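Down below are the structures I want you to see.
Next come two complexes built around subunit A: one with subunit B, the other with subunit C.
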Partner chain A sequence: MNILRIDMGASGGPKVSVVPSGEYAGLGGRALTSSVISKEVPPLCHPLSEDNKLVIAPGLLSGTSAAQSGRISVGCKSPLTGGIKESNSGGQPSQVLARLGYAAIILEGKPKEGNLYKIFINKDGVKITPDSSLKLLGNYALVEKMKKEYGDKIACISIGPAGEMKMSAASVAFTDMEQRPTRHAGRGGPGAVMGSKGVKVIVLDDTGLSNRTPKDPEKLRTANKTFVDGLRKHPVTGEGLPAFGTNILANVINEAGAYPTNNFLVGRFPGISKISGETQAETEKARGGIPTHGCHRGCVIQCSGVYMDKDGHYLTKQPEYETVWAHGANCGIDDLDAIAMMDRLDDDYGIDTIEMGATIGVAMEAGLAKFGDAEAAIRLVKEVGKGTDLGRILGNGAAVTGKVFGIERVPVVKSQAMPAYDPRAVQGIGVTYATSTMGADHTAGYAVATNILKVGGYVDPLKPEGQIDLSRNLQIATAAIDSTGMCLFIAFAVLDQPDTFQALIDMLNAFYGLNLTADDVVALGKNVLKMERDFNACAGFTAKHDRLPEYFKKEPLPPHNVTFQVTDEDLDRVYNW
Partner chain B sequence: MTHPEKSHGLTIPERTSPRHISLTVEASLIPAFSQLLQNGFWIKGNVGCSIKSFLCEQFGLSPEYLEKRIQTIFINGDAVDDVEKATVEDGATLSLSAAMPGLAGAVLRKGGYYAAMRDQISFKGETTSASMQAGRVVVKLFNMPLQELGPVFLEHGIWVESNKVKDVLKARADDLQRGCREVIADGRKSEFKQLLEMDWGGGDIFLQVKIV
Partner chain C sequence: MNILRIDMGASGGPKVSVVPSGEYAGLGGRALTSSVISKEVPPLCHPLSEDNKLVIAPGLLSGTSAAQSGRISVGCKSPLTGGIKESNSGGQPSQVLARLGYAAIILEGKPKEGNLYKIFINKDGVKITPDSSLKLLGNYALVEKMKKEYGDKIACISIGPAGEMKMSAASVAFTDMEQRPTRHAGRGGPGAVMGSKGVKVIVLDDTGLSNRTPKDPEKLRTANKTFVDGLRKHPVTGEGLPAFGTNILANVINEAGAYPTNNFLVGRFPGISKISGETQAETEKARGGIPTHGCHRGCVIQCSGVYMDKDGHYLTKQPEYETVWAHGANCGIDDLDAIAMMDRLDDDYGIDTIEMGATIGVAMEAGLAKFGDAEAAIRLVKEVGKGTDLGRILGNGAAVTGKVFGIERVPVVKSQAMPAYDPRAVQGIGVTYATSTMGADHTAGYAVATNILKVGGYVDPLKPEGQIDLSRNLQIATAAIDSTGMCLFIAFAVLDQPDTFQALIDMLNAFYGLNLTADDVVALGKNVLKMERDFNACAGFTAKHDRLPEYFKKEPLPPHNVTFQVTDEDLDRVYNW
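Our next item is the complex of A and B:
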C-alpha cells in the first residue's frame, strides 16, 4: 500500500507524490491518521494554515471481503477543539480507496491563488483540476455533477458550503451505496481543513480493480464467516439495530433520564415516542422507505435506512440516534419530518449534525428561537448554508455561539458539543467526555469489549475507582478498534461472544500473515492514545481541559436530580497507566 | 399471559363508568398502536412482589424470555440489575427493552459489567415487600419486547388515556377504516367512523385490539 501525498501549496499548482507507507506501514484508520498528525503537524499551527494536514485513511481490512470493514478515518488538527482529531465515517470510499492501493491520502499545504479543486483518482493515476463551477455547491448537487462527469461507478469524498466557508463544525462527506453524500466524518470540523486546502471533492473510481489479496485467503474466508455468524446471531447486531437503527436507543436513554432535552435542561423528553427508533422505522415502512440498510457494501448489521417524505419521495438517509436527538429532543422538537429535513440540510451543507443540533439548542436558550419551534430551527440551519453573519456564528459550533450570545449553559468539552447522553445520569460516560483526546465524544469510549480484551487487567466496576478505570480501558479499546477501521457496532457482539472477537483478530492475521494477539491490539490502542495525548499537550492542553462545564456539577438533572460527581482528582487519573 | 382483570382472582375496584373498546384489525395495523405501548399503559395485578414474580407468575411471561430477551429494565426510570430482588410497587412504571447497542446500552444492561457507570440511577430498592396487594402498574414496551409482547398485551387489553387512543385512531384513520374488521364499544357493535365521532370525554379506557 502506498500513501498519496498532495501538496496543494506547491509552486505551479498541486503536486502529487505516491510514496511507500514507510514508517506508517501496517497502520490503518485512526492509528494512521493520528500517527501522521502527531509526527508531521506542528501542534501549535493554526488548523486552517498550510502547516496542518488532512489525512484520509481506510481501515486495515478495507477493500477486502471482510465484513464491516468499510470505515474510513479523517485526521487533522481540529479547528473546533484545537487538538488532534480523528473522525470516522461509513460509505463506499473506504473500500474504493483501499482497492486503488492507497493506505491514505494526505492533503498538505494550501493553495496560494485560492482556487477550488477537484481530484480524480483511478487505476491510471491522479488528476487535479481547478473547477470554479463547484463553488458553494451543496454535497447532493456536487455528487450529481461528478456522476455526469465521471460516470456512475464513482465514490466521492467532498465538502459542502460549510467546509468552503471553513466553519469549525464542517464535515467531510462520503457517498453511500446509492452514491448519495449521506455519510460524514462530522466531528471536529475536518471539512473546514479540507476547505482550507482548496479541495472540494475527491472522486474515486476503482473500475478494473478487484479486492485486495489476502496472504491466506482460506483463513480469511473462514474467519470472516465466523465473524459474520457472530454478528448475525447477536440480538443487538442481528436484530435490534437492523430493525430499528441506532435510534433504537432513544426510548431507553430517555427512560433512564439521560436523554438531554432543551439544551441539557432535563433528562427526559415528553415527545419521545414521536421520534423514537420504533416510530421512525414504522414511518419509513409506511412511506415506502427502508428501515434496514447498510451504509457500505459488506455491512452485515444494516443499521441505516432510507427516510421518505410524506409524499413518499426520498428525503434523506435514516437519521441516526445522535441526529434525531440533537435536532429533536435537545431542541424540544418532536417532529420526525422536521428532524429529517435538518439531517438532509446538514448533509447537503456538510456540517456535523451533533454540533449543529447542540448549537441550535444553545441558540434557543439565547432566545433566537423557542424550544419546540421546528420551523425556526430549520431556518437557523439554512442560515448556515447561506453563510449569513448569523449562519457563520452557528456554523462554528455551540461554544462559539454560546460566547457570542452570552450563554453559560453550553454543553461542550474542549469546545466540542456533547452527544446524546447526559453525563449526570450516566457518569461513566461523563468521564470519557471529559478526558477524551477528541473533546466530548460518545464513541471515544465505545468499544465495550474491554473485559474480553482484558485491557489494563481485571477491573472491579463496583469499586469507586471503577468508573475511571473503565473509561480508560474503554478509550484504549476504542482506539484499537478505530485503528482496524472496523465499524464500532461490532463491539457488542465482540463483548458477548469471545469467538467473534477472535474471528476479528483472525481476519487481520489472515490478511496480513501476522500473529497478532489481543495484547497487541491493546498495545496499539494505548500507543494511539499516547500519541494523541502528547500532541494535545504540545498544543497547550492541560488537565484543566479534561473537565465538564461547571454547571454539570451544580445543576441537578431531572428526573433523577443528579449532578456530575466524579472528582477532578479522579479525572486526572484516567491517563495514568 | 392471562387477562389483567382475571389475574389470580384479584379483587379490583371497578371503574365507575368504564368504557371498553375492542377492535379486530388486520395484523399489518398493529404497529399503529406502537406509540401507545411506548408511552405506557397500565395493567392491574398483584404488586409488592419482584419483577420476575409480577411478569412471569402473574402475566405468564416465560422466565427464559425475561432472562435472555429482556436485557434492559427500568422501574420508575431506575436501571434494574436483579429481577428477583427489585420490587414492583403500586403505581410503578415498569419499562422493558432488549439489549441495546453501544456503551450506553452496555451500561444500562441489567447486571452488566458496566453497571457502575450509572450507579446514580441504578434501582436500589431491592427488598421484596412482606405482602402482596392489588394494584396497578404502568408498563412501557420498547423495541423487541414492543414487537413481541405488544400484540399480546393488546389482545388481552390495556388501560390507557382515552384521548391518546383517539389520537392514534385519528392519525391512522384511513388505514384503520379499511383494515378494522370489527368495532365493539361498551359491548355494542359499532363502526369505526362512529367511534371517532363519539365524545370520549377524559380518563382512561380499556382497549383491546385483536388480530383477524
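Our next item is the complex of A and C:
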C-alpha cells in the first residue's frame, strides 16, 4: 500500500506524491492517522494553519472481503478540542480507497490563493482541479454534481459549507451505498481542517479494480464466516441493531434514567415514546422507508436505514440514536420529522449532529429558543448553513456558544460536547468522557455496554466502583478496533464471545500472513492511546483537562438523583497500565 | 482594616459580613486579590459559577497622603483566560474604599433569582438593594443616576451592559475625579464575573472620614516629598507623561518599528502623525480639553486628560496609548475623533479597549470590515453595546472572534489579546506576553522600558539575549508594585533612581511602622507570582501555554523583518529564580 500525499500549499498549485507507507507500514485506520499526526504535526500549531495535516485512512481489512471492514478514519489536530483527533465514519470510501491501493491520503499545507479544489482519484492516478462552482454547495448538491461529472460508480469524501467556513464542528462526509453523503466523520471538526486545505471533495473511482488479495484466502474465508456467524448470533448485533437501528437504545437509556434531557437537566424524557427506535422503525416502514440497511457493502449488522418524509419521499438516512437524542430529548423535542429534518440539514451543511444538538441545548438554556420548540431548533440549524453571525457561533460548537452567551451549564470535556448518556447515571461513560484523548466521546470506550447493556460483564452504572478499569480496558480495545477499520459495533459480539474475537484476529492473520495474538491487539491499542496522549500533553493538556465540568459533581440528576462520584485521583489512574 | 464579604447567593438575599483581615492582614492590591483567589476559589470552577469570587482591593498605601497611591486591584478567575486574574485601575474608589476602612470587598456566590443589585457603602455600613431600573444602563447613565440618588460626593465601581451580558472582555469601571466612569480594570473580563454576581454598581461615600493615620506621620511626609521629587525629575514621569499622556509612546514605538499595524501585519503605521500623543495633546488644547490631568487625587504624574469633540463638548477622557493603538493603527485607522468615540463607547459599555481593538483587528482580517474603515469599526463596537449576535462574539474577545470566523492570525496568549507592542520588535515584552500569569499583558513586566526607552539599562529589543532576565525581574517588581496600590508609572523613576525606590520603601515603613528592605519587596513580588502560577497550574496551564502563537516565530515583521527569536527552553526559565 502507498500513501498519497498532496501538498495543497506547493507553489504553482497542489503537488501530488505517491510514496510507500514506509515507517507507517502495517498500520491502518486510527493507528495510522494518529501516528502521522503524532510524528508530523507540531502540537502547538494552529489547527487551521499550514502545519496541520488531514489524514484519511481506511482500516487494515478495508477493501477485502472481511465483513464490517468499511470504516474510515480521519485524523488531524482538532479545531474543536485543540488536541489530537481521530474521527471515523462508515460509507463506501474506505473500501474504494483501499482497493485503489492507498493506505492513506494526507492533505498538507494550505493554498495561498484561496482556491477551492476537487480531487479525482482512480486507477490511472490523481487529478486536482480548482473549481469555484463548488463554493458553499451543500453535500447533497455537491455529490449530485460529481455524479454528473464522473458517473455514478464513484464514492465521495467532501465538506459542506460548514467546513468551508472552518467551523469547529464541521464534519467530513462520506457517501453511502446509494451515493448519498450521509456518513460523517463528525466529531472534533475535521471538516474545518479539510476546508483550510482548500479541498471541497475527493472523488474516488475504483472501476477496474478488485478486492485486495489476502495471503491466505481460504483462512480468511473461514474466519470471516465464523466472524459473521458470531455477529448474527449475538442479540445486539443480530437482533436489536438490525431491527431498529442504533436508536433501539433510546428506550433502554431512558429507562436507566441516563437519557440527557433539556441540556442535561434530567435523565428521563417524557416524550420518549414518540422518538424511540421502535417508533422510528414503524414510521419508516409505514412510509416506504427502510429500517434495516447497511452503510457500506459487506455489512451484516445493517443498523442503518432510510427515512422518508410524510409524503414518502427520501428525507435522510435513518437518524442515529445520538442524533435523535441530540436534536430530540436534549432540546426537549419529541417530533421525529423535525429531528430527521435537522439530521438532513446537518449532513448537507456538513456538521456533527451530536455537537449541533448539544449546542442548540446550550442555546436554549441561554434563552435563544424554548426547550421543545422544534421549529425554532430547525431555524437555528439553518443559521449555520447560512453562515450568519449566529450560525457561526453555533457551528463552532457548545463550548463557544456557552462562552458567547455567558452560560455556565455547558456539557463538554476538552471543548467537545457530551453524547447521549448522562455521566452521572452511567459513571463508566463519564470516565471515558473525562479521560479520552478525544474529548467527550462515547465511542472512545463505550462503558454503556457493561454499565447498562450487561455486555462483557456488569458494573453498576450509578456507583464509582469498577468504572476506571472498565473504561481503561474499553478505551484500549476501541483504539485497536478503530485501527482495523472494523465497525465498532463488532465489539458487542467480540466482548461477549471469545470465538468471535478469535475470528477477528484470524482474519487479520489470514490477510497479512501474521501470527498476531490477543496480546498484540491489546498492545496496539495501548500504543495508539499513548501516542495520542503524548501529543495532547505536548499541546498543553494535563490531568486537569481530564475532568467533567464541575456541575456534574454538584447537581444531582433526576430520577436517581446522583452526581458524578468518580474521584479525580481515580480518573488519573486510567492511563496507568 | 476589615474585609467586606458579600454573599450574593445567600438564601433570602445578599448577606454582608465585615470580618477582620485575618490571614490576609498586611496584604494589599494584587497580593491580596491573588491570595484570596488562590486560597478560596477552586481552580477548575467555571468563571461564571457561584464558586468564583470577585475581589476588589485598594493598595497598601491607598487612602493615605502618599502620592500615586490610588490604584485599585480586581481579582477573580478570568472568564477570558481561564486562569487567575488581577486587573487594576486608577480613579477615586481606591482612596475612598481605603478611607472607609476596607482592605477589600469580596463578592461571593450567585443570586438564584437573577436580580440586579446596587450596593451603597458609607461610614454607617452597607446597604444592598435590588434595582431592575439599572438593567443594561451604560456606565455613564448609571453614574449620573447614582449621583442623583446619593449626591455628588460618591465614587462608583460599576459594570456596563457588557458585564451584565457576561462578555469575557467586560471591564469593571471606576469613576475619576470628575465622577465619570473612565478608569477601568479592563483586562481579562472581571466585569463578567461582577455581572454573574448580579452586582451592577458599588457606590462609595467617605463623607465624614479622613485619610488613614500613619504610624510615623513625619517620616511619611519626608519620604513622600523625596518620592514626588524623584517622579518630577525623571524625564518620563516629570516631562513626557504630563505633557502628552501615555500616547507620547506612539511616535517612539512606531519609530522602533514595533507599532502593530493592521492586526500585527507590519510594525509601522503610515498614519502615525495623525494619532500621535503630540497631535492628540494639540487637538485637546485647541478644543478646550485638558492634556495634563490626574485620574485620582494625589497624582503628580498627571498622564490623563480630557478629550472634547469637534464642538468642544466632553467626549471621553484622553484615550490612552494602548487604546489609540488598538482602535487606531491596529485597525489601520488614523482618525483621532473616531478613536475617541470608540473609547467613549467602550467605557460606556464597560469593555476592555485593548481587547476590543485587537478583536476588531481580527474581525477585519476575517473580512467583516476593511482595515482603515473607521465608520465600520464604530459600527462593530456598537454591536457589542446592543448585544447582537455579532456583538456577543466581539465582546468575548479576539480568541473567540478568531475561532468563530476561522482566522489563524489571532494575536493572543492564554486567550488574552496582545497590547500595543509587537513582540517580534520588542522581544522582552514578548517574553512577558508569553509567560505572564495574566495572558498577554504589557503591564505585567514592561520590558519596553529597557528595550526601547532605555530605562533601567538597555537590552537590544531585536535580539533574544538578555530578555529572560529582563522580563523576570520586571515581572517580580511589578507584582510588588501592584500590591502597594501605587501607579505602575512610578517604575520609570524607581528603576532609574535608587533614592526614589528607597523613598517608596520608606513610605511603606513609615505608614506601617515596619523595617522593610528592597529584598522584602522582591520577596513579595516573587511570592505573588508563585501563588498565581500555582493557581494556573491547578487550572490546567503548563509551559505549553507560555508561548506566543506560532506565526510570530514564522512571519517576519517589517520594517526590521524579525521573527520572535526567544527559544521555548529560555521561556521556561522565566520562573526559575
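Basically, the second predicted complex is superposed on the first by the 558 of 577 C-alpha atoms of A that agree within 3 Å, B and C clash if a C-alpha of one lies under 4 Å from a C-alpha of the other, contacts with A are read in each partner's own complex, and residues count from 1 in each chain.
In the analysis below, a residue touches a chain if its C-beta (ideal position, glycine included) is under 8 Å from a C-beta of that chain, and two chains touch if they have at least 3 such contacts.
If you're wondering where the values come from, they're calculated on a predicted model, not measured in any experiment.
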item: Which superposed partner A:K403 touches (first subunit B, second subunit C, both, neither); value: second
item: First (subunit B), second (subunit C), both or neither touched by A:R547; value: second
item: Partner chain(s) touched by A:K166 [first = subunit B, second = subunit C, both, neither]; value: second
item: Touched partner set for A:E278, first subunit B, second subunit C, both or neither; value: first
item: Which of subunit B and subunit C A:L390 touches, first, second, both or neither; value: second
item: Winner by number of subunit A residues touched, once subunit B and subunit C are compared; value: B
item: First, second, both or neither for A:A258, with subunit B first and subunit C second; value: first
item: Contacts of A:S78 with subunit B and subunit C, given as first, second, both or neither; value: neither
item: Residues on subunit A engaged by subunit B in the complex (per definition of touch); value: 235-237, 239-241, 243-244, 246, 248-249, 251-253, 255-258, 268, 272-274, 276-279, 282, 285, 303, 421, 424-429, 432, 442, 445-446, 448, 451, 461-463, 466-467, 470-471, 474, 488-489, 491-492, 495, 559-560, 562, 565
item: Partner subunit A, residues of subunit C touching it in the complex; value: 42-46, 48-49, 51, 79, 165-168, 192, 195-196, 388-390, 392-393, 396, 400, 403-408, 538-542, 544-545, 547, 549-551
item: Residues of subunit B defined as touching subunit A within the complex; value: 31, 34-35, 38-39, 69, 71-72, 74, 77-79, 95, 97-108, 113-121, 140, 142-144, 146-147
